[in-house]
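Below you will find the structure I want to go over with you.
All chains are identified by letter, namely A, B, C, D and E, in their written order; residue positions are counted from 1 within each chain.
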Amino acid sequence: MREKLIEKGLLLVAFSAVAMIFLIAYLIFREGVPLVAKVGVWDFIASTRWAPSKGSFGILPMIVGSLEVTLLAVIIGATLGLSCAMFLAEFAPRWSVRILKPMIELLAGIPSVVYGFIGVVVLIPFIRRTFGGPGFSVLAAAIILGIMILPTVIAISLDALNAVPPLYKEGSLALGATRWQTLHRVVLPAARSGIIAAFILGMGRAIGETMAVIMVAGNALTMPTSLLQPVRTLTSNIALEMGYASGDHQAALFATGMVLFVIIAILNTIALVIARPRT
Amino acid sequence: MITHSSSRGLARLFVVAALLLPLGCSRASKTAITLAGSTSVEPFAERLAELYTRAHPDAEISVQGGGSSAGIRACQSRICAIGMSSRELTPEEKGLVEIPIAHDAIALIVNARNPVRVMTLEQARDVFAGRIRNWKELGGPNQRITPITREEGSGTRASFEEKVMVAGMPKDKDGKANPAAFAPDALVQDSNGSVREIVASDPAAIGYISSGLIDERVAAILLGGVAPTEATIRSGRYPVVRQFLFLTNGEATGTAKAFIEYVLSDSGQRTLTEEGLTRIK
Amino acid sequence: MILRPLAWQRIVWFALAAMTLFTLVVLFFIIGFITSKGAHVITLKFLFGMPERMGKEGGILPTIIATIYISLLAIAIATPIGVGSAVYLCEYTRESPITRVIRFGADALAGVPSIIFGLFGFILFVIRLRMGWSLLAGGLTLAFMILPTIIRTSEEAIRAVPYNLREVSYSLGGAKSQTIVRVVLPNALPGILTGVILGMGRSVAETAVVIFTAGSSLLMPKSLFDPARTMAVHFYILAREGLSMERAYGTALLLIIAILLINVVAYLLMYRLTRKMR
Amino acid sequence: MDSKLSTLDPLNPRPLEPSLPKLETRNSKLETQNLNVFYGNFQAVKSVSIAFPCKAITAIIGPSGCGKSTLLRSLNRMNELVDGARIKGTILLDGSDIYRLSVLELRKRVGMVFQRPNAFPLPVFDNIAYGPRIHGTNNGSELQAIVERCLRSVHMWDEVKDKLNDSALRLTDEQRQRLCIARMLAVEPEVLLMDEPCSALDPIATLRIEDLMRSLKEKYCIVIVTHNMQQAARVSDYTGFMLLGVLKEFGTTKQIFTTPRETDTENYISGRFG
Amino acid sequence: MGKRLILRGVNLDIEANTIVSVIGPAHSGKTTLLRVINRLIETQREFMRSGDVLLDDAEVRRLDIDVLRRRVGLIFATPVPLPGTIFDNIAYGPRLQHHHRRQQLADLVEHSLRSAFLWDEVKDRLSTSALRLSGGQQQRLCIARTIAVDPEVIMMDEPTSGLDPISTAQIETAMRELKKQYTWVLVTNNTKQAARVSDKVAFFLSGELIEMGEAAQIFTKPKDPRTDDYVSGRIG
């Protein structure tokens, strides 16, 4: 009897996360859907002109911008992060891993605004001097986000690599394989789903990041055609304009959030399908 | 027993955490009020609140940013006693009491190293509409211009649009000119401060901010040959001027009333002037 | 393959070592940069003084206090919910539609960008529930933001408790709840703590959510219903508005030190808790 | 303490004297001389000298913790995967020190099968082709031939020839263990080391793996570690008995199981302890 | 376990105060049998059973599950000390029932440790971690822990498979000494051990009880040829 009660109570608690996600979705969609209905789905997501006070609500440049920045950031973060994780897992001496791993996890806790700020004072002037232009650009945003997600990618993929049963490694080494052969032919495939999970989490952080992006991306409303052009992402659109928005403008920002929501859901689903371990 | 002591330890942790929090059930003092709204007004309101509470230690005034719309919304739902707005209210938002507290000129600024110092309104319009793209065309060095504007909905941007972007534009039959659109590749920043910081660090940049926030790293452009000074602003010769508003839901009472009175008083207005605004009275 | 396996391995070694070095240099540059620029700002007056002139002068005590309150509040709310959910998922159900729904909820929540949490918290807690900008609204919103992290790490920690420990408890006549309270949770505690620390770190570092829900008032918060400005928000405003770069660096350095302290305290706590078990 | 144990003094076991009648080993393939293996301060193997003959199965038996696995793993230097492992003494493969070979070459020549079937989470084909590929064979038809030959020699070709692209994890325990043996054969080793290869299998599968071992004996030197005395008696030609890190006795299987010279061996064989 | 049939038509009668060994090769269902008896199997995946398990003529599924498990103790193949002190380990079971005072508990701990022949080795370090004990000591600790809840039957699942010969001998001694108080069921894949300690032996193969009888009879003249194959080492 008592056991049953405990079970029911815990079930209730466990559903709070579900309740919350539905509440969030409900609130965002309730504000956003009427506007999208008014403007038209196609005009909303496929038009390039954003001038809410003039009745134009096109967010295509921001969708493209978000995806471009995120993709680039993940490429940077994943390359560096996975290399780092592989090195720490297989080649670095144990003592150094014991020191470095907590340090890297610590770096995950640095506020994103600090990363953004360093972007403004170090990276932007560097890009401006080296490549010309304003410096605030797709490239700057991608580099900052790529660095920001590094600790997450390293920590999680390192865990995934370490979770591969030593049996597999032994089996490969006993056949006369080098450690690198073992790593890339057996350990990496076996850790595949964990590593992809690391990339997904990194991607999630990158696409959802707001403040750091506002600081370095330039937030212009053009369709980004070059890496050196300023760009506005969906998240920064919301954070930039929410403060002064009212009426349809505000609804359009909620609708932006809605689109972001849907994009993240799609990306997560794709990633989950890829990551599903082959049985 | 470990299982016992450690769960007790965890429990203790939470008790300590809970005790650390002041579990007040209502606001600590009846004289506390909140101001919320425009980030342009926020720094000035904070300064005023600081001085006011120094003279009235029993009063507590907290100042929030969030933007004009958030302030208006919070004021409508009585979440804050006084809203702050740097833009005019839309028809749907009317109904709140509007109290202008200061004039604010919007200055066009460039990096102090930039030799260009004078522009006509039309030139300023063309720079921000993306029709003039090189400083050479304005008598400066051969360098691409990086215009920086504010985000859609910002009061500063609205005033700038209304006064500068309409200059020389064809008028429709009501006699109203349609403002030129901002260049889509202009950088967008969401506060006066960040616009100033970018201009201060990039010789090719140009932006517009509250004239009160100009410092030595940036220079104000003489718009149509007029500098934003108190005299030109009060006389209306400087073309881009707006009002900062305090908003209340119904007549203000208590601390809110006293604070508004202080702001409109001579010493309050003097403070605003010191901080770079132009007095309303 | 033209290269011999060992030669190939050596090349890979150098490539990976170079990438790792580069990564570490970048990450440590960030810390070094902030430290070199901010160290001289941190004085007792800075730590324990009240801010003046919007933070251009004076100290940052209210933001430190606000940061502590809001992050403790967030974990105090999120931990019981998160651990409870994890216990339910691990101990009370097998894979079923119910667990899939719960996991979907947690995963979806983890994917929600912080700006959307900010909007949500603003509408629900600040406006609808009339909490105003307050520590409470901020803490609640942050709690739901970090909930998925806590659920996920607790779940992993609970699953990592060897199954045979539960069997021992059962075979000595322990009921399920007794087994969970006396065997599973104490043994999962280090892992759970890691999740809590991660969540606390995220609350300390979060900016967007806090601006929307707890506001940015520089006054000392006196109750849960007072608005407040956390260190991260203060840093953002200082840096963004160009109020005082020096103080921005100082605040950033303090933030990093705070995260470091949280980690160290957690490590010590974990050490204390596990020492008796080893 | 039980009186039956009085003859056993495990705390002070005497090493096998080199003066003991030396086993007549027709051409020994692999040999240890005075081998000591340490993990940190713990000595797991104490002065073991043993020779493993060609084309024969040698079994190492002994109770848990006697060092038999450690001995086996030091023969292809797999013990080095444990931190703090080191050895003292000599190990000879075809009369030359194994430490003069590269570790890759050594492990190629001395293959190993583990207690738990550790087929890689890859398709069956890739499992077998793994060894040849890492040693430089990339020709498709050549690999095809190797895979077929190896699967045939473990009597598995007919069972899996249609599922070469299925994941190896879908096979039964026994099939996976055979696959591991086939995978090892694909690199053409000279010595096969087997670490309790049947302990996870049921009796029928065990018997079949044992048959396989007998058929492989024609070509290889096989060393098997087992805690199952009966298995040693069934399959091996020579048997060594280890106790607490010491090789107590070594001889033909028949001799060890019928007329052991050491009392410890006799006690263990007859089931008085262990 | 899924759809596999693990145990088939098993009829087994275990008398009080005897040591019964269950032998058989891997995968013959020995461990499952123990888990069916104390219903630990119910905590695992889907499982179905038909037939009855009677403890003193009462079907185990009718008993309160906590009571059943206190009456029928189980020792696992690898010693599983709970993380915590030696004292905590022994006191775990009694504390679950709450009503124990400090002194009572101390007495009970001493009694249990003495019964498992561990008291002299650990009496000075009851408050150190149980994980610091050697493998053999840990397994005796597990026996003492089971004794502390005062069971009637103690089932052991290959309790010495990971232990060295000396520890094995100590545990076997403890079993023989405690035979008067408890009924023992010993699952082992070591036929020699079964021969050393048990009164009766049951031989399982592929989930079936092939033969049960006095230890001497099973090992010298088994009735079933499959038993003969196994005890003589032709299979397994």
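List of remarks:
Everything that follows uses one rule, which is that a residue touches a chain if its C-beta (ideal position, glycine included) is under 8 Å from a C-beta of that chain, and two chains touch if they have at least 3 such contacts.
Computed from a prediction, not measured in an experiment: that's the story for all the values here.
Common partners of subunit A and subunit D, by the touch rule above, are C. When the partners of subunit C are compared with those of subunit D, the chains appearing in both lists are A, E.
Among the chains, the centre nearest to the mean of all shown protein C-alpha atoms is found for C.
Relative to subunit A, the most remote chain by averaged C-alpha coordinates is E. Across every pairing of chains, the maximum count of C-beta contacts belongs to A-C.
Comparing the CA-atom centres of all chains against that of subunit C, the greatest distance is found for D. Computed centre separation for the pair subunit B/subunit C is 32 angstrom, with centres defined by C-alpha atoms. Centroids of subunit B and subunit D (each the mean of its C-alpha atoms) stand 79 Å apart. If you average the Cα atoms of subunit C and of subunit E, the two centres end up 46 Å apart. With each centre defined as the average position of its C-alpha atoms, the distance from subunit A to subunit C rounds to 17 Å.
Counting partner chains per residue, subunit E has residues 82-85, 92 touching two or more of them.
Shared interface positions of subunit B, defined as residues touching 2 or more other chains, are 2-3, 65-66, 70, 73, 194, 197. Counting partner chains per residue, subunit A has residues 120, 177-178, 181, 215, 239, 242 touching two or more of them. Taken together, the subunit C residues at the contact with subunit D in this complex read 1, 5-6. Residues of subunit C that touch subunit B in their complex: 52-54, 68-69, 72-73, 75-76, 79, 122, 126-127, 130, 132-133, 181-183, 185-186, 189, 211-212, 215-219, 221-227, 237, 240-243, 273, 276-277. Residues 2-7, 9-10, 14, 17-18, 20-29, 32, 34, 36, 43, 46-47, 50, 60-66, 70, 73-74, 77, 79-80, 191-194, 196-197, 200 of subunit B are the ones touching subunit C in the complex. Residues 1-2, 4-5, 8, 10, 63-66, 199-204, 206-207, 228-231, 233-234, 243-244, 268, 270-274 of subunit D touch subunit E in their complex.
In the complex of the two chains, the subunit B residues touching subunit A come out as 38-39, 65-70, 72-73, 87, 90, 92-93, 144, 146, 151-155, 158, 181, 184-190, 194, 197-198, 201-202, 204-205.
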